[in-house]
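Following this line, the structures themselves.
Next come two complexes built around chain A: one with chain B, the other with chain C.
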Partner chain A sequence: MANGKDKPGPSTTEGGIAGKHDDPGRFEVLLGPSTGGEFNTARLPLAPVACFRVDDIRFAFNSSFIAAETDEKNDVRSELKLLAELLVELPGSPLSVFGHADPVGDDGPNKILSGRRARIIYALIISNKEPDLALKMWQEVAAEEKWGASQRTNMETTTGLPHGTSDKELMKAYMKALSPPELQVGKTDFLAQGVDPKGKGDFQGCSEFNPILIFSEKKNKELEALKDKTPRNDANAPNRRVIVLLFPKGSKVEPSKWPCPSATAGITDCLAQFHKDGDKRRKTREPERDRTFDDARADPAKGTFACAFYDQLLTSSPCEKALSIVKIRLFDAQARALPFAPCLVTLNGKTTADRATGAPPNPQGKFPGSPVGSSSTPSGATKEDGFIKLRVLDFPATVNVKWSRPKDGEGSGAPLPKVDDPDDFEFEMDVTVTIPDDESDAASKLRLKNLGYDVNPPKPIVGLEDPIRAFQTDYKAKFADIVVDGTLNAPTAKAARTVHDACDPVLKSGSQVPLTR
Partner chain B sequence: MGTSGILRRPAVPPPVRVRRSLQSLISENPTHPILLFYSRGIGEMKKGSAEIPPGSGRQVNIPGGRLDDPRSWRYQAAIHDYPPNDTTLGGRRRNPAARPFPFFDADPFAIDQEPMPSASDRARFWRACQHNSWFFLPWHRMYLHFFEKIVLGHVIRLGGPKDWALPYWNYSAPPGTPMGNEALVPAPFRSPTIAGETNHLFVAERVGPTLDPGRGANAGGRFLIPDLVSLQGLRTSKTFRDVFGGPPVENHPGNVGSPGSLEQTPHNNVHSSLGGGNGGFMIGFSTAPLDPLFWMHHCNIDRLWEVWVQRQKRLGDRNRNPNPVVADGPLAQQWLNKGFDFHDAQGNVVSPQIQVKDVLNTRVPPLSYEYEDTSDPFKGAT
Partner chain C sequence: MATSYTVRQGDYLSKIAKDFGFSDYRTIWDHADNAELKSKRKNPNVLYPGDKLVIPDRVLREEDRPVDKKHTFKVKVPGLRLRLVLEDMYEEPVANAQCLLSIDGEFRKVTTDDKGKIDEPLRPGTTSATLIIQDAKQTHLNFVEIPIKIGHLDPLEELSGQGARLKNLGYFPGTVDDKDNPAFVTAVERFQAEHGLTVDGICGPKTQAKLKDIHGC
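Presenting the complex of A and B:
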């Protein structure tokens, strides 16, 4: 199962990732406290076979509370489903949970915070099978963090329980609502099988010792100079995560020999596991370039993890990479943005159903006769409407999207389209994601294609005006230096880049005809 | 952020032309540019001359255009059908010419010794219309598409609207309402002139009986009644075969089998009502496309296909086209992969052949059109 040959690509959700690790046979792992190169007694090749990650966006800021959203695909439920899928593929694989904080603040408090998040996720994973233990753990964290009205409101909304329901009942119901029923995991399904009352071996916090992203000096200086710390905290989000590792079936550790301290303990035992240059690894900033987990792939000595034990476990893990985001804005053929558009997105052979973002009031595909060349965002929609968001490990060359204009009354709560009805969709495009960062002809043509002016259409559209000329005609009002001459000159390339990167085209001809569907 | 970050990308599909409703065009402007330039485009297609007889040194005008020019008005009609008794000698119409019009099996524009396409070209491109067959709808959709591109080329050359597209003629009043203008030939098609110039939308050969004694269809007589153009078939027919007929075989012009509910009503009924008896264009396979209304009529049938498909989707019924994964298995593959021969707007043979699977979504290339109104006339009622 852990053979790298049939390792499928990792699965990602809005707030997490799951994937299998490379063949674990090539290194051995220390099973007890140890220094340098010595090995202790058990030379078990204890290497994870798969990993699973919950990102910061699932947690409330500076808290361990997991907030539920109206749409379950936007909260932790989608990640827990990924975990359940992994466990179907890898039955009997014992788990261990690692929480991580970002490098802002002190090591000690961050160790406790990262430990709490690990406890919350551990409890949620076991909540179907061991609801009482799970509840106790949540109550402990709630007391430490002083959860209050806002957490209660979220739990009441999600569970539908009335105001005044006891904390115990509310929390229990909330955990039940968050955990997919197919996730049936108990404390004995973890690496140390729940032997240690403080969970040693089963869940732990790694403080800020193992960042996956270290800002460049330049970026750090810019972010620290800002009065508002939100941009800094947002940029640091990839570091705040919870990783769940799955080990080979039958793996088991003795808590006393497990190198990590318990989730509530201090940092001393962690420091003992550091690389000799651990502090340098986790703190060094390069002048211009951000350092990432990936740096260790090229040269293991240049990794960003201070903890040698964790570093070894996570080598090549698909889960320890800062995910990138591709946002694609869906339009109709006249370049009207389509809030709530239903769609199918195919990436790396995997197709998922989705619906574009939107905010009421909802134009829902009905457009008054807007003049050609005016904003593509009809009244009622905002410039952030009509997007779908993909989280990816690496930017793909293209993403295939099939979509339709939303029908009357379709909003964010409407059911998602069926993946097995691909001919349900009005439009289809291979949207180009990777585009050279310049205004060369090649780059401009890719941008024009995304904007609906394909200069090399796969099938000819007879009678269509030259696409470059058409672009120039549509945009000459917006960009004074554009001349309609059909050549891909500098002003045209620049305009295409500006409009493309802002995802904000103007309306094309034909838009004055109102359609009845 | 190193190798990661956020990228924003727009997804704007290629342009789509809107095939508009004749009635809404007329209500906007009785000589709407889309109609005016349709007339002018047909005028261009009808132009043609040849040296007749050969060697005479005399250029003779050929009304309706040369039969050996794939883009001419007459050639386009011959793709649908051509009288079977045409004979040639040395690539020219043979003397004596075919039976004179007004017989169904005659060419009303025939000129003795005019040039004809080769016998192999006639066999390959002419007499191709599909009726009483699963290919009725997709074949006519392709036929309209290539015809539209020829007209569009003329419209653009003549300075007409760049987004010109064939209009459709919706002659069915909304269910439950009495027929009004729907019962009539649309006004811009009735007069020999339009905006002071020759109206190529007009043909005299609309000879069907009307409800108004003494007033033919071209004089504004009511030639349609609700039953003839009822859309009930959209509602009652649950499979492609029910709606648009079978069998899944090539069937030109449709002498075997029987039509689907919508092929009969309204399609066949409009042909026979407007064409009437002997001498009417719309009633004969070879002459019907010589009436400009033929193309508007078939656009409407093409639109009703889309209306039905959309309605089936809304009803959650996957039985909307022959579908390999639903009930039709290998027959559906046969249907999807079937190709037909046509010429493009430059007069070149379309290669590779256009296939049924290329024309199922009208909004994407190569078709790239949609209809102004594809709403369900029954508002989702089952």
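Presenting the complex of A and C:
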């Protein structure tokens, strides 16, 4: 399950992903050799070489406004850096932007909505080289959506400009702040080279025609039954995305020959590009299972995209895969979560420095370090202390984590640990991420190992000669049916699973530092 | 005793002939026992997996010549060629472009003509080649690797053959095993619409004829 290929996989950030397309079969020709006058004709397609995605999380809810965060690692700047890197690897690749809306709502309005997000991203990408055009485009969207005080506040905070600065100056400075200087892309660096005043060929909105996630009947029913639509909207977030495709250097399209209508136009031309069964593809729900973009990989006829044109452009795109999240929660020997613990995570050969998430410090400025279970913070944040979250395309077998207890007063703003000094950490563990979804011995042993009760440690651990007995002793208070007898019986296996999956260990007597997923 | 041979995917007659030790595929193709298949398939190099060929015995041919002189025997075999016309997505030919053609590990410099055509000799038995366009006017096609599967084009009257030609022509991205496959039907409709045929999504004789005309075989 770990990525064993030589090619580096796509890069992900908190709010996006960038990667190369890999489809040698694209240009394959089936040829009949000739003994008479026969010949064969091959019409070579326009196939993207790479893609880049900005997720819904970067946009304010139900809006095309891009919200900046105080830490640029947490906002669109990290995705734009990915794009800049991709353009270094593939210089001169023309771009085209595709905005998408989720299936809630009607096709017409959703086309406009998705079109606006495409316009915003397009403008942001060209903002360094074409600031005036970029500003004009943002102003147009701002007027259409009636941006107001909250957007202004966000922009003022990010740019540091005083209240009362003109909208124009504010927006200009904001875009400058959001766009990394190394991103130098102009109008002519897009697929239609900016020749069409409405941007045909350069940016477009796909309405809700190409979802990557279609809820099962069951899930849809549950979500629609709730009065509060927030859970439904959250669950639908993967569909609200902006995809930027990179094409082979030298590619060019004539707007009149490009099938997609402009970002502000209606849906008629989109419908002309639909698969014969396009509506079925984008609307059909399965009774129990969510349909995803990946279904098309197994069988192209089962894809979720209605638009045949978009479908064939994106067949080998890593960017349309929904990412999975691996959550690892760190605890110390007293089973306390470790917020803000500096850590070094090695996944699929790539090592990144990170810091576990944590509750903000309490008003006295003291470091929380509170026992598990008492993590309600003034802001009402969920129990998120001590989590490391990794976005992955495929679940790896294990993830290597090195970490230390955070020093007193160290919070999320503290500088990240240095990647090149891996020995500077107190603890290390290979956390097993892919565990069979049952209570077999094998699965239970993996869970116990993650929890700190390694049945087969590389070196015997003092004080933990009998890990199963130790686990049973520690947890018998919590689980009535555990008998302390040192055997991996059913109640023990069940308890291990419950504790492990809930990330909720109790104070224990052992000296090992436990980890859970 | 003549043997029967069942065609497999990737087989083409010149290759089969060579495998059975015949330098001239016509010895097999023109044999009376293969008349039915010949009239059905017409193109000896576009056969279908499952087709049955009768391979005649090799007949010893005797030629009388004086022993004290040197004689040269030339085997006249109709040449096998790789003929491919390259176009971009707008149906503009990839004209007068230098390309690198690799067949059986051997590299050859070839240039497309005004209409984007390459016409190269082929050794019977070759099953694959790779073409890399190097200096096309359509610069985005340069350095793209085009794998060519020789002999994998199925006959026109078979669904897979129709699908393969539509794929080569860019109407259809995958393989088809069901004539009602919506993507295939759309591809047929597009092809029909663009070539002045009745648009009904069915690849009947008229559509097939046009497909052969446009595709080349």
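Keep in mind that, in the parts below, the second predicted complex is superposed on the first by the 456 of 517 C-alpha atoms of A that agree within 3 Å, B and C clash if a C-alpha of one lies under 4 Å from a C-alpha of the other, contacts with A are read in each partner's own complex, and residues count from 1 in each chain.
By our rule, a residue touches a chain if its C-beta (ideal position, glycine included) is under 8 Å from a C-beta of that chain, and two chains touch if they have at least 3 such contacts.
These numbers come from a predicted model, not from an experiment.
Chemist: Does the superposition put A:Gly250 against chain B (first), chain C (second), both, or neither?
Modeler: After superposing on A, A:Gly250 lies in contact with chain C but is clear of chain B.
Chemist: Quick one: is A:Pro300 in contact with chain B, with chain C, with both, or with neither? Answer first, second, both or neither.
Modeler: In the superposed model, A:Pro300 contacts chain C only, not chain B.
Chemist: Looking at the overlay, what does A:Arg289 touch: chain B (first), chain C (second), both, or neither?
Modeler: Only chain B is touched by A:Arg289; chain C is not.
Chemist: Applying the document's definition of touch, where does A:Met429 land relative to chain B and chain C: first, second, both, or neither?
Modeler: first
Chemist: Which chain, chain B or chain C, ends up touching more residues of chain A in the combined arrangement?
Modeler: B
Chemist: Could you tell me if A:Leu451 is touching chain B, chain C, both of them or neither one (first, second, both, neither)?
Modeler: first
Chemist: Of the partners chain B and chain C, which touch A:Pro238 in the superposed model: first, second, both, neither?
Modeler: Only chain B is touched by A:Pro238; chain C is not.
Chemist: Could you tell me if A:Ala308 is touching chain B, chain C, both of them or neither one (first, second, both, neither)?
Modeler: After superposition on chain A, A:Ala308 lies in contact with chain C alone.
Chemist: With both complexes overlaid on chain A, does A:His500 touch chain B (first), chain C (second), both or neither?
Modeler: first
Chemist: Touching A:Asp332 in the superposition: chain B (first), chain C (second), both, neither?
Modeler: After superposing on A, A:Asp332 lies in contact with chain B but is clear of chain C.
Chemist: Across the two complexes, find the residues of chain A that touch chain B and also touch chain C.
Modeler: none
Chemist: Taking the complex as given, what residues does chain A use to touch chain C?
Modeler: 24-25, 27-36, 38-46, 247-252, 257, 275-277, 300-301, 308, 312, 315
Chemist: Tell me, which parts of chain B touch chain A in their complex?
Modeler: 1-18, 20, 149, 152-153, 156, 162-163, 310, 313-314, 318, 321, 325, 344-345, 358, 360-361, 363-366, 368, 370, 372-375
Chemist: Under the stated contact criterion, what part of chain A meets chain B in this complex?
Modeler: Residue positions touching the partner: 213, 235, 238, 289-292, 294, 321-335, 387, 394-395, 401, 403, 407, 420-421, 423-424, 426-429, 431-433, 450-452, 454, 457-465, 470, 499-505, 508-510, 513, 515-517.
Chemist: Looking at the complex, which residues from chain C come into contact with chain A?
Modeler: Residues 12, 14, 25, 43-46, 78-91, 94, 117, 119, 122, 138-142, 144-154, 164, 167-170, 173-174, 181-183, 185-186, 201, 214-217.
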